[in-house]
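There are two complexes below, and they share chain A, which is joined by chain B in the first and by chain C in the second.
Moving on to the complex of A and B:
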């Protein structure tokens, strides 16, 4: 205990030096914790924007559906899968797809109709939040239609425009109907922008003569489960249907995210290196400057071992104190950025890519490891950086140490 | 001159302290240089690929084309424009293109697609698309019925090289026209927009389909030797086009989605650049401040011997300036060579993931090449040097604010 008492007093004997070393450590810890949290936040945001709009964390299909997109390759037991998902708190949205022709005046375009249940779709994905104008599909069937951005432009359609729909129904007959545009989506990726036509599942059933059958079930646990966990859980009841994670469904996007994450990890490593070396240098210098003092201690009979103990105790106290202060402030700042994201919309409005839309905000994600790592690193680096000159000084001849400059 | 000598000698009197300070500056510069050049490399590649595959760094097109792209808004006299553009400094390649929308049909179905008429020999020199052929071969300008098709589109329509397809579209007069073509090859870029929606045909075939004249095209894309020429080239082209229906646009306006993406990601990147520069300047401040504070005894002696305070301050500022010069130089050389190494050899990110990562699309390259520019070296060097000099001012002012007898007695 006495060692720590002496160490504590010693620290404040040269308060300027202690203060500089402490600020170095405190600030580095803060910077590391905040940048770690910001990077994690950016990665999370990217991932969410991919899974939370329409894809979900995993999807169920008939094994041939994704290859051939034939209306007859439907999921054999949708109700069972939906119930299973509901039992585990996984949001699930059934979708039926069909191709057809939309026309307005002289303009026409081939589209993919999505027959959805607006209530389930809203709780599974966030497509409803990406409306450019108008309103989302009402909860009950009523011949309303929501269009992709570029599709609406091709058709020259606006809210309230009446569209003629011609499709080939599942029974081979020609389906014909008039729909009213209720909403137009924002950019959410090339494919959807060009071909998305959302309609109510009951309208879809009437139009395509295709009641209560579905081609796709999107699953999203809002990150309480991992995609792999969802896949293995749903596989228990899916029978001969195929359950795939979003990584398998969108390999290109998944790869790009991986590459981007790799770049981020390198940046993070550089930050750790820069902060670590900064503290290393500061601590090294602070201890080297004390070599004459250590020589004096030695001359009056302090053993090398004791000198080492004193210096380590000082470094230990200094490290603990500053990493705690830094940790606290850093955590507070990260939590702040978690609730109040940094707004980058000055630079851009956000963008869309491959079925996903990214926001122009950078928010932080606070994790325990994101706080512990910087604190431990700072503490370790400062301790080791003090130890090296101390060992050197403790072994030095007292006369030489005292005259050391 | 004398002061410079004094400063230099006193720096090397305590060699260890000086080395620590210099290493702080140098390491900070190295890391910042590496990080910024790596980020620039990542963005640079993305833009460069997209620009080369699409309409170039600078695009000449009809004034109203961007608002509502339509085949009848074409560039009438391509060859004379090509001629005048080729005389502008910085223009590396000129790619006249015809871009239109069409429906592709085969026996197994039909799909909407973008048709791109290009000069194959130029595409081979620039476009990543022309290099990423998964089956068949790339078109040649004399292929009368050749067409390149994206992998995803080919899969949807069950097409292979040698199979036939029909392109249906509206020609320049609005008339519905159809043309039978034969698949020459299939490309896969990893970009959904290209693989799922694009077909490429030789320029003359596109002219035949859309009924355009031999000297007409919808866009002329200019590929520049370096993106730095962009403003200058646009500036030089403007007067030549002033009394025509044509306009000249930077890629940022032609591909606004990509420009938006870059801007968001760059915004995030500025935050991180700011953080690293903050860390760097803070470390410099710490080491310089400490090295001056530890020398109060020396300063007190000098002042007691009659050195004027001004002179002492000047000497300390000179010292930190020298530290700044040496540290920045070492940092630039070190960081520059590391960055240059990765610019040449690339940093393979897939090794970070071990065996688990397989890249499916060609456009997604897991190898990052740093992009080191003279401009980056200049501004970062100036910034670090400037920071060191500014940071040195405060300790210099502090150095003379001491009570000489107290300090001298304290030892």
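Moving on to the complex of A and C:
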């Protein structure tokens, strides 16, 4: 205990040097924690925008549906799958798709109708939050329609515009109906922007003569389960239907994200290395500077072991103190950025791709490991960096050490 | 000239085949016509039956209105030149079919909107030649093989027309795509007197790649040369 007491006193004997060393370590720790949290946040944001807008973590389809998109390739037992998902707390949204014609005055466009259950859709995905204007579909059927951004522009439609819908219904008849535009979506990907027309599942059933049948069930556990866990869980009841993770559904985006993650990890490794080397350098210099002082200690009869202990204790205390202070400030900053994302929209607007929108906000994701790792690393680096010159000094001849410059 | 002199037989045959094709083309076409028919569509997913009434003038104008079933009563299609409009009584709107939807099915049948628009004379769009003459399945028939003229706006790579030898009554028409794969067959049967003409009253379209599916028209009655004017085929009349 006396060792630590002496070490503590020694630290403040040259408060200027201690302060400089501490500042370097505290700053490095902060930089590490915050940059780690921000990179993690960016990766999370990207994954989130893919899975949480409309795709979900996994989807169920008839095995032929994605190839041919025929209205007759529907999921054979949607109720069973929905119940199974509900039993495990997985949010599930059933969707029916159909192609048809939307027209307003002399303008018309071919669109893909999504018959959705607005309540289930809202709890599964966040499409409702990506409204440019107007309101999302009401919970009950009422011939309201929500349009993709570019589709609305093509049709010259605004909130309240009356649209004529003509489709080839499942029974071969010509389904037709009038819908009122209730909302227009923000950009969420080129294809959807041009062709998305959301309607209530009951309106869809009437229009297409297609009651209680669905082509897709999107599954989202909000990250309590991995996509693979969801897939294997739902496969127990899916029968002939195909359950695929979003990685399998969107291989291009998935690969791009993996490459991106790899790149970020490299950046992160460089950050860690740079910060570690910075602290190493500071500690080395601080200890080398004290070699004459160590020589004096030896000359008055201090054993090498005692000197080593003394210096290690100092480095230990200094390391703990600064990495803890750095850890606290870094955590506080990360938490701040988690709640108040950095707004980059001044430099670039968010972009959208393959049905996913990436925002121009960078938010942090705070994790326990993202704090502990930098703290422990900083402490370890400072301790080891002090040990080497300490060992060297302890073995020096006192006279030479005292005159060491 | 030399060619004609050297093969007078071929020239006579050319005339003959043109007459056969024109006969088939004109069978259901007067200067104008009005008729009612039933249409039965059978697909692997649904089958439906409708009763239609239709007016036509030359090859440019057609107006078709659904009489039955009740759910679709008064739904109507107007073809004028290369355009098609549908009238939807439920929403009381007339919709012009956009070019992107021309390849789509007409009223759930095996006919597309394009089939309605692209009515033309076979003898004008194709080069033709008699490729078979004699007994087939117990009937004496003439078979003509038609290949598209280079400048003709047709979708088929080859068409074969089969008629009865004695009265040139059509029996079947086979349509092939540009890879010479058969895509669909139109067969004619139930030959009887209708509107003062002898006609096959039953026309059946069979898509080759969808076994078991067909669309069948049965003419219930038909009148020719009513003296309809062009302005009869108006958007106003479409709505009735």
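We take it that the second predicted complex is superposed on the first by the 403 of 405 C-alpha atoms of A that agree within 3 Å, B and C clash if a C-alpha of one lies under 4 Å from a C-alpha of the other, contacts with A are read in each partner's own complex, and residues count from 1 in each chain.
Convention: a residue touches a chain if its C-beta (ideal position, glycine included) is under 8 Å from a C-beta of that chain, and two chains touch if they have at least 3 such contacts.
It should be emphasised that the depicted structure is a prediction, and the values quoted were computed from it without experimental measurement.
On the superposed chain A, the positions of chain B and chain C stay apart, so the two partners fit side by side. By the touch criterion defined above, A:387 reaches neither chain B nor chain C.
Touch criterion met: A:274 reaches chain B, while chain C stays clear of it. The larger set of touched chain A residues comes from B, when the choice is between chain B and chain C. The vertex angle at chain A, taken between the C-alpha centres of chain B and chain C once both structures are aligned on chain A, is 80 degrees to the nearest 10. Of the two partner chains, chain C is the only one touched by A:103; chain B is not. Touch criterion met: A:285 reaches chain B, while chain C stays clear of it. In the superposed model, A:194 lies in contact with chain B only, and not with chain C.
In the superposed pair of complexes, A:174 makes contact with chain C only, with no contact to chain B. In the superposition on chain A, A:24 makes contact with chain B only, not with chain C. Once both structures are overlaid on their shared chain A, chain B and chain C have a minimum Cα-Cα separation of 5 Å.
Counting contacts by the rule stated earlier, residues 110 of chain A appear in both its interface with chain B and its interface with chain C.
Those residues of chain A that touch chain B in the complex are listed here as 16-17, 20-21, 23-24, 27-28, 31, 34-35, 38, 42, 69, 109-110, 187, 189-191, 194-195, 251-252, 255-256, 258-259, 262-263, 265-267, 270-271, 273-275, 277-278, 281-282, 284-286, 288-289, 342, 344, 346-355, 358, 360, 362, 405. Residues of chain A that touch chain C in their complex: 72, 101, 103, 106, 108, 110, 164, 166, 168-174, 176-178. By the touch criterion given at the top, residues 41, 43, 45-46, 48, 71-72, 75, 86, 88, 90-91, 93, 95-96, 98, 100-101, 104-105, 107-109 of chain C touch chain A in their complex. On the side of chain B, the complex with chain A involves touching residues 13-14, 16-17, 20-21, 23-24, 27-28, 31-32, 34-35, 38-39, 42, 103, 110-112, 156, 190-193, 196-197, 257, 259-264, 266-268, 270-272, 275-276, 278-280, 282-283, 286-287, 289-291, 293-294, 347, 349, 352-353, 357-361, 364-366, 368.
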